[in-house]
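In the two assemblies presented below, chain A is common to both, partnered first by chain B and then by chain C.
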Partner chain A sequence: MNFRGGIALIRKSLFSFMASRGFFWTLSISWMMGPLVFMFVWLAAAGNGSIGGYNKSDFTSYYLILILVNQLTYPTSHWVIGENIQLGTLSTWLMRPLPVIYEAVASDMALKIVCMPLVLALVVLLGIVLGFGTVLSWTATALFVPALLMACMLRFLLSYTIALFAFWTQKIDSLLNVNDTLVFLLAGQVAPTLLLPGILRNTSMCLPFRYMLGFPVELLTGKLAVQDVVTGLVIQAIWVFVAFILQKVVLSHGIKKYTAIGG
Partner chain B sequence: MGYSISVDSIKKVYRISQRDAGLLPAVKSLFRPAYSEVTAVDGISFNLKQGEMVGFIGPNGAGKTTTLKMLSGLLHPTSGKIKAADFVPWDRKAAYLKKIGFLMGNKSQLTWDNTIGDSFFILKEIYGVSSNDFKNRMNELVELLELDDLLKKLARTLSLGERARCELASVLIHSPEILYLDEPTLGLDVSMQLKLRGFLKEYNRKYGTTVLLTSHYMSDIVSLCPRVILINKGRLSYDGDLAGLAEKVAPFKLLKFRLPDGEVLTENSLFEQYKVKAELVDAVNQERTLRVSKEYLLPLTAFLLGKWSLSDLSIEDPPIEALIDKVYREGIPL
Partner chain C sequence: MRYLHLLVIFIRASFQREAAFRFNFAINFLNTVLNLVGSIGGLAVVFHNKDSLNGWGYSEAMALLGVYLLMLGLKGLVIGPSLDSLSGLSGELWTGLFDFTLLKPIPVQYHVSFRKWSLWSVVDITIAAAIIILAVFKHNSLPSDITYGTYILFPLSILISLLFIYSVLLILASAAFWYLGTPLMWIFDSLIQTGRFPVGIYPGFFRILLTWFIPVGFIITVPAQVLSGRTDTALLAGGALLSAVLFTAATMFFRQSIRKYSSASS
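Then we have the complex of A and B:
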């Protein structure tokens, strides 16, 4: 494990992002827009009552935490990987004595570092204005940490693996869009997964998308029974393991197809 | 014998899609895509000893860059073996990647939005270079390549020549044992080319780095490479020194002189009268250039000097570019 190299790559990406000051601020705000819109829709729908056990305060807490979790788990490097493979610029990554995944991880970590302060400030402000009513328990907070870490890993690994299919297909944007759409529908953005109708809810419980975003939020806000928390953590860990193995297999086969075009 | 680089019957076949131009072929290709196989490298073998500096030349599309990419581990060959610094390149072991530097003509090691100084530091960290070694190496590279004014600049603000010097420095920071240089002087002005050549020569001499260099500028090859490997259509045509190649391809000299006013000289007159086979290559006013084989050179020169009082008589080797052009077009005579 080349930690020095990995930290150097994070530094490189940090400096690059800092050279584009407006970029990451507008990016952070754009990522917040979706959850904010859904939050206000659910607030309006809940009114003075509740929907599926979620009242106004619950929706506010849910979506404010979701904005933070989304910021922490959202990967961006997968869009670049596909293009790098297609254009042959992956060669620069391949020439370094580092696993290919390092560059992608470093880029995503750097973006989170630069975006997080702004997002955190806005979420705190919204929390003060709208009222954050949920009391967070120590147990839930402690379990939230590994759930959040695994959510980061899972969301990154799945997107990264899909991007690696560019070794075969060259253009990968459409597959990545499909992935983003499924995350949008099934990960708890449109609605908390516990509020999804019958078959959609059951599907979301099995697929990896919920465990990238909605599950840690539901865990922290105390909406899950103990049994559901344990089951969720186990399913999440299994999906992380599957995604990890899948990316290794896809990369080892894909790299043999790489044509390093462009002279 | 232990070689720094050992290439054994290496082959690379690309499968590429192709279709005719136009809308109908484009639509047809959606349902029935057509592919063809292109053999970029066709079973080539060669060895390089530690410290050798070898020119790897050939026309466009000959297979030079594909070969370098297999040597650096970027590409997996279709068949064949390579051992470089005792590693199989496409295994992409970190230990091998730390021993090589690959200067790719149009791919940058520098980070566009970082300063050059930061880019170098990041490479230092990636390759695990100690602070002391890095300091010494930077002092040397900054002086030799005149980088002092560039360290604080962002890579994207550099000119082509400035970027070329920085790219070369970036592949040398970790003191590689083997250097693969793919057209290192591409697009540079004459002064910069001279500077880079001088640097590479000195670097090779000082550190004994094995260098495999491709270039379309024959001046690079002539000044840097005692040995050349010629590849054409994926196959090796020649492996030896440039003088030997010139001898094989063009065992002749160019005889240039100025005829006295009013005098005439033709190819036919030379052959009919003096049985000398010489080709009249150029005739402008009274200036003449004859291409003559080496066996006739002295007799012809003696004849010309005896017949006329010639001014500006010179005997030259044919330009290396003309030789190489001949090789690319006609191959090497057996």
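Then we have the complex of A and C:
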């Protein structure tokens, strides 16, 4: 582990991102819109009753926390990696005495630091306007931390791995879009995964997408039984492990295919 | 006549440009399919749990989704890509290539609004139209509401919506002259997402915002209301008036804004 190098990379990205924060803030507002739309849809659908054990106040807290978790887990470096491989600018990363993954992790961390103040302020404002009613328990909060960290790692590692396939295909955007749509449908943005219709729900329980976003939110809002929490954390850990190995294998094979273009 | 001739030239040039990247066509196809799966899937999940949403049934909501996709497709056909090549990411304002656009002997606003066509959008528009037709005629809850008036009022409402979209985008594209470096046109793309569902589901403040400031309500909900046979004539007339006012304001703002332009070269 080379911490000094990592921190230097984070600082580098942070300064360049801060310079164009208007750009990234516009971006993070557009990431908020999806969950926000579905929050209002479910609030209207629930009316004064409840759907699948969620009433109005539950939906509000679920989606407000989801907006924060979405911001914290959403990586952006994979778009850049695909492009760097295609254009041959990955060479700069390869020349550094640091593993390739450092650059990606650093730029994502920097982006989160830049976007978080805005998103946090907007979510607090929405919480005041709409009324945030859920009381968070200490145990749930304590368990939420590892779940959130693993969600970050999983979402990052999977999109990073997909982006690395650009070594073979050159252009990879379409596959990254597939990934985003699956996250949109199965990770708990369209609806809390517990409300998905039968087969989709069971699928989402096994696939990695729920554990990138919906699972930590359900955990924190206290919607899961103790047994579900334990199972969820175990599945999450397994997926993180699988994605980590996958990333290593794909990188070591892909790098041999790499041919930088241009001079 | 001269303008029509120019239009043909713009379309031909765009087609040639797009045909050069055939691989992109395949990607576009995948994107279209995914978009469709995502949109219909989202709607299906909501209506799996609930029969009606704020008085809108499944088929009516589906017709609304069709209108939403239709407006996105129409925007993506020419207005979106054209204005994007002006104020979007690495557009002419960033690169300074707007110099050449200003020098051309045709009206600037006409040129920047209609020069770039994205022909893939024709597929998006066709799919959207198919969804609308299916939603209107296949489901039992609707056909009785379709009268001859609908055939006139629906195209009319779509035209009003287009004028709204054009005016809002032109204002955002012009604002980019003043706030260089901020992708303002993305604001439209993120806010239009709220149009996937009837504007009535949003609580007070947001509904007012979405009706009068970023007129998503006028752009998508009103045509969908016409389709499901609950045309609000007053709202339609008001929309026509408002869109005309907005169009005039946008044109004036654009003329003011291009005076701000200060090239990019040294």
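Definition applied: the second predicted complex is superposed on the first by the 263 of 263 C-alpha atoms of A that agree within 3 Å, B and C clash if a C-alpha of one lies under 4 Å from a C-alpha of the other, contacts with A are read in each partner's own complex, and residues count from 1 in each chain.
Here is the rule we go by: a contact is a pair of C-beta atoms (placed from the backbone, for glycine too) under 8 Å apart; a residue touches a chain by one contact, two chains touch by 3 or more.
What you see is a predicted model; the values in this text were computed from it and never measured.
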item: First (chain B), second (chain C), both or neither touched by A:65; value: neither
item: Partner chain(s) touched by A:16 [first = chain B, second = chain C, both, neither]; value: first
item: First (chain B), second (chain C), both or neither touched by A:4; value: first
item: Which superposed partner A:119 touches (first chain B, second chain C, both, neither); value: neither
item: Which of chain B and chain C A:91 touches, first, second, both or neither; value: first
item: Touched partner set for A:184, first chain B, second chain C, both or neither; value: second
item: First, second, both or neither for A:250, with chain B first and chain C second; value: neither
item: Partner chain in contact with A:213 - chain B first, chain C second, else both or neither; value: neither
item: Residue contacts with chain A in the superposition, chain B compared against chain C; value: C
item: Chain A residues contacted in one complex by chain B, in the other by chain C; value: 20
item: Residue ranges of chain A in contact with chain C within the complex; value: 20, 22-23, 26-27, 29-30, 32-34, 36-38, 40-45, 51-52, 129-130, 171, 173-174, 177-178, 181, 184-185, 190-191, 195-197, 200
item: Chain B contact footprint on chain A (complex, rising order); value: 2, 4-5, 7-9, 11-12, 15-16, 19-20, 88-89, 91-92, 94-98, 255-256, 258-260, 262-263
item: Sites on chain B touched by chain A in the complex; value: 14, 65, 69, 72-76, 92, 94-95, 97-98, 102, 104-109, 111-115, 118-119, 121-122, 124-128, 154, 182
item: Residues on chain C engaged by chain A in the complex (per definition of touch); value: 23, 26-27, 30-31, 34-35, 37-38, 41-42, 44-46, 48-50, 53-54, 179, 181-184, 186-187, 189-191, 193-194, 196-197, 201-203, 205-206
